[in-house]
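These notes open a run of structures that come right after.
In what follows, chain A forms one complex with chain B and a second complex with chain C.
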Partner chain A sequence: MTAGSYVNRINTTREVKPVIAGWYEELRTAHADGKFLAWSYGPVPFEIFRAMDIRFEHLESYGAYLAARAGQEKLKQLSESDGYSNDICSYARLVRGVAMLNERGDKSSVPGVLLVESPDFVVAFRQCPLMATVYDYQKRLFNVPGFCIDTIPAHSEAEFQENLLYIRRQLEELIVFLEDLTKTKFDLDRLKQIMAYVKEAAIVRNRVLDLCKSSPAPMSVFDHFISLGPAHSQRGKKESVEYWKRLETEVKQRVDNGIGAIKNEKFRLYWHNLPIWFKVGRLSEVLARHGAVLVAASYTHELFYSHEPEKIDPEDPLTSIAAEEAWQSWLAADSLRTTEQVQKEIEDYSIDGMIMCSHRTCQPADICEYDIIDIIGRRLGIPGIVIDADPTDPAFYSDAQTETRLQAFIETLEAHKKRAAAS
Partner chain B sequence: MFVIGIDIGSLATKAVLLNGKREITGYIVSLTGPDSNKAGQMAIDRLIKDAGIHPEQIAYILSTGYGRENISISNGQLTEITCHARGAVHIDPGVRTVIDIGGQDSKAISLNDCGDVIKFAMNDKCAAGTGRFLEVMARALEIDLQDMGELSLKSKQRVEVSSMCTVFAETEVISLISRSIDKIDIVAAIHRAIASRTGNMIENVGVKSRVMMTGGVAKNIGVVHALEERLDCKISVPQEPQIVGALGAAMFAVDRATDEDDKGSIK
Partner chain C sequence: MQDILDKFNLITRDAYTWLPGYKEEKGLKIFGCLPMYVPEEIIHAAGALPVILQEGNEPITTGHSKIQSFFCGIARSIVDLSLKGKLDFVDALVSPEIDLPINGIANVLRINMSIPSLTIYQPTTCSKEASQVFLSKEIKRFKSSVEECTGQEITEARLKESIKIYNRNRALLRELYDLRRVKAGLLSSIQISSVVMAGMLMLKEEHNQLLETLIVKLKTREATSKSKFRIVLSGSLCQAPVADLLHLIEEAGAVIVDDDIYTGTRYFAGDVGTEGDPFEAIVKRQLTMPVPCPTRVDEAGDWGDYLINTVKNSGAKGVIHMVVKYCQPHEMYYPYLVKRLASAGIPSLKLEIEHEVSSLASVKTRIQAFVETLK
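The block that comes next holds the complex of A and B.
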């Protein structure tokens, strides 16, 4: 633990930084290395790209990467100077800035580590309307081919199954699209191997998540946020399985020795919605200072093949990929289904309160947050707080206001705990 | 034994001196200025001097407000949510909803029958509907801030200021002035605009009687009336609404200094 810090960071996560640096370096040298490069939006099938040796930038991951790095403000300024309103998705504004610099051949206005090369094609998953619009725009901007996977907003198991088949059919079409584009025959056996690694990594990852049900929690959601780096960039690779196994060993040791993710755990909290990527470190300290640890989150516990990974069938990889995408689509569309998932995590992880993050430029997930607080409050008596933020744009964030809300929320939890103990 | 609760807000610093019997021995309201630590120190020095006591007699100083972490002589700190709730309940144990509108923020706090905070909401980063908003509007109207409340009660004609943005609202006000609309009616419209914006936030936590309004804006009777109309309920205002947060902080300071927990609440 760093002197003066209340956070006991997981050591294995220190491996992530060079992995991510290497990943973006590969995106900067894709064409020099003779590789195709895709820009992608939404939960697209990375596994298929990997099976075809295609390198891929992913808007949300790239936005998160940029948000945590100096010099990124220039990218947003560029997009806004081109007429983009600052109310538009901040991920899209950042990547729009990169596209503008590439278009101008400008490699000096921002640090080189922020840039990636322009794409040979673009692929999107139509879960978020804005992503589909950005996809359409980028396709025309770069004058490259594109493929957009459509999805049905499911509200039942039957609709989920229908959507799964619908997405699966489109994945087959995507493969034909990629074969035509790259003049390369798709290798199904390679995809099966990739899905075997995806399955193994997801199962180990879920065991790590399960270990965090212990008290004190050995690992916080902030550590999980950092670990999304390998979950994304190494997905379907053996290295990903090895990362999660090393993490599991460290976390298990902590459980065995009663070591927590923070000093003096008093409250266990749930985080809903995307992280505030530029405040991960600060917020982990702020919460820890008040004895609060994030033990579960929608972003880490509901996505990335965390839903029933044992059902992944490497022999039928397209169905397994489609199932994950249909699952994400279901959660995005059905706030009651999302609420059931939140309730499960609150019960499984013995959670005392919910932090709902309302992101100014990413509103689709916000609408249901007040409903979730009301429903969970009535069912379980667990309170929640909404904080105003943005995944990448500091212009929509205030340290003082957010930290006051969080501290006040924890004070409320503490008062209730004392009252309950006294009665 | 004495304790001090100090509420360092964005515009004003408020401090309350309590004796061991939880009686107010003195209080002060001063401008915060750019250095919140200095403002807090000066307020405490003045409070001690005016009370004729020695600094050694102060057993505990508890700070709250946005500057709560910036004051070096504080022994502990709590948020203004918790402190306003405690102060309000001390003044009136029957209070179940607290509306606090300060210099740059507003908040609504819902309390249970034990006086514990069960839900709260705060304004977002925008300062519309707060004291700063009223300052800007008073400047645009060329009237004294302190006169706005009484003036608005004389309004005869209903006009609307619809924008929630301080800058746009100022433009709207200037436009109304240029149309020779009576300033009195414009002030009343401004108060209704504040009530409209704040009312939504208050309803989000639920309005339960009795309702108390605290913070500097509670001194504006026009805003209080507009809120009563918007929420369809009676709102009480304590004699000195600005010091309620500091009073709550001082109550917690007594708890901590005496190791009492008379409220079964946080310490």
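The block that comes next holds the complex of A and C.
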């Protein structure tokens, strides 16, 4: 723990930074290395790209990477100079800025940012409808081939199953598209090996999540956010399994020794929606100062193969990929299903309160946040708060406003605890 | 003729006051359809009335407690109306699940309204075999859920009859637009808008009768506008353009001769085939809509190409983009459209529309300046 800090940061996550730097360096040199480079949007099947040795930029990951760097303002200004309103998805504006620098052959005006080269083709998964829109107009601007995987916003188990079949059929079409484009034969055995690593990593990762049910919580959601780096860039690689095992060892040691992610844990909180990528460090300190720790979150605990990873069948990789994507689509589209999931996390992790993050330009998980607070409040007596932010655009975020609201929320939680203790 | 226009105006100027009385008069179940692209024929074939839900006139108040202020006006307004009980006449909700705000409204209404909620998911990737296979099943699933709500079996014969009525309606609206291109200013764009929107609210067979009479009368009239500043209106996805803006455009001396807006060409372009299986004919129309849409991934079409052709075919000189505030699909394509139009030598102007009333003075100056550039 650094001097004056209330946060007891996990050591293993310090490995992430060089991994991410290496990842973007590989993307930067993709063409020089004779590799195909895809730009992708939404939770596309990375596993298939990996099996075909295709390097891929991923909109949301790259957006998160860019958001944490000083050059992001310049990228957004560029896209706005090209006619993009700042109401548009901030991830899309950032990568549009990158594309414009590439078009201009300008590699130097945004220092400190690894600029990914323009793609040979684009691929999207339409879990967020806007991802398909970003994909489609960028495909037209780049004038490159593309493939968009459609998905059903399911509202029932039957629709989930139907969607699984629909996505699986499209994955087969995607493979044909990629084979035609790269003139490379798809290697099913390689994909099976990749899915075996995906399964192993997801099972270890879930064990790590489970360890965080302990009190004090050994690891916070902020540490989980950082660990999404390997979950993206090393998914399906042996290295990801090794990362999660090292993390598990550290987290288990903390549990055994009663070491928490923050000093003096008093409140355990749930975080709904994406992180505020440019405020991860500051918010973790702000909450820790109040004795509050984020122990579960929709983004870290409900995605990335965390749903029933033991059912992944490496011998039938396309069905397993389709099942994960159909699951994500169900959660994204059906607020009542999402509410059930939030309730489960709250009960499993002994949560005292919910922070619902309302993201100005990234709206999929904004939907029904007020209703979720109402429903959970009625069912469990757990309070919630909505804070205004954006995943990557500081223009829609205020430290003072958010921190004042969080402080007021903590006071509400204290009052709740006192009432509960008195009754 | 004026009596028909007055009737359309009466229906559309305060639809949510007019609709409950109309429902009582006709004795029909009403399916409130969120925009866009619900295959209304299937609902009509079950003997119910599909109504396209639009913004209400009143300011958003209660709705703020359920949906953030940065969702588009139509989403916030419909949520607000439902919380105030103004949609209580609706017997079932239909969501086409085309984009985020529409999914959002459907979710909020599902939680807060106690009526059946139906979905009809339309593939956004239209050229894939998997999408066609999926939609064939989805249309049948939708048909079953409509049957369940109405207790009325939807036979092929009934559906074919409804398709005929809807095709007739689309043909009449296209005829009206043909007249508008040839006889500019025959009706004001506010009047045209109310003609189209009334059809989204009332029985199509009744709308057809009124349209037929109207078109006969209009054919005998001469163009009223000699304006050289012919404009195509583009965008306005899901929600209708603000009437004040339409008025300002015409007041500035321009005349709108065509559009690709939802309460316009986008709604009535393309028919359902009348041969063979009617359900498959609906699938075909859904997957091959003539007006490219930014909520869909249309491999075969391109909005830029479409718009350039519309301008050329209507003899227009410029385009006004009506962009609904917070409509991200449209906002995202806007720079692409501007680039495509500019490369074809077509000037364009962007106007933002919001549910809330905004100052018209600065917009008026921008419209006047734009019209000047068309000289």
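Throughout what follows, the second predicted complex is superposed on the first by the 420 of 423 C-alpha atoms of A that agree within 3 Å, B and C clash if a C-alpha of one lies under 4 Å from a C-alpha of the other, contacts with A are read in each partner's own complex, and residues count from 1 in each chain.
Criterion: a contact is a pair of C-beta atoms (placed from the backbone, for glycine too) under 8 Å apart; a residue touches a chain by one contact, two chains touch by 3 or more.
As the structure is a computational prediction, the values presented were derived from the model and not from experiment.
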{"item": "Contacts of A:379 with chain B and chain C, given as first, second, both or neither", "value": "neither"}
{"item": "Larger contact residue set on chain A - chain B or chain C", "value": "C"}
{"item": "Partner chain in contact with A:140 - chain B first, chain C second, else both or neither", "value": "second"}
{"item": "Which superposed partner A:400 touches (first chain B, second chain C, both, neither)", "value": "first"}
{"item": "Touched partner set for A:419, first chain B, second chain C, both or neither", "value": "first"}
{"item": "Which of chain B and chain C A:238 touches, first, second, both or neither", "value": "neither"}
{"item": "Doubly contacted chain A residues - partners chain C and chain B", "value": "370"}
{"item": "Chain C partner contacts - residues on chain A that touch it in the complex", "value": "82-85, 87-89, 92, 124, 126, 128-130, 132-137, 140-141, 148-150, 152-153, 155, 162, 166, 169-170, 173, 333-336, 358, 360-361, 363-364, 366-371, 375"}
{"item": "Chain B - residues contacting chain A, complex", "value": "66, 78-82, 105, 114, 116-122, 124-125, 204, 261, 264-266"}
{"item": "Interfacial residue positions of chain C with respect to chain A in the complex", "value": "65-68, 70-71, 97-101, 103-104, 107-108, 110-112, 119, 121, 123-125, 128-131, 133-134, 137, 294-298, 302, 304, 325-326, 328-329, 331-336, 338"}
{"item": "Residues of chain A that touch chain B when the two form their complex", "value": "370, 383, 386, 388, 396-398, 400-401, 404-405, 407-408, 411-412, 414-416, 418-419, 422"}
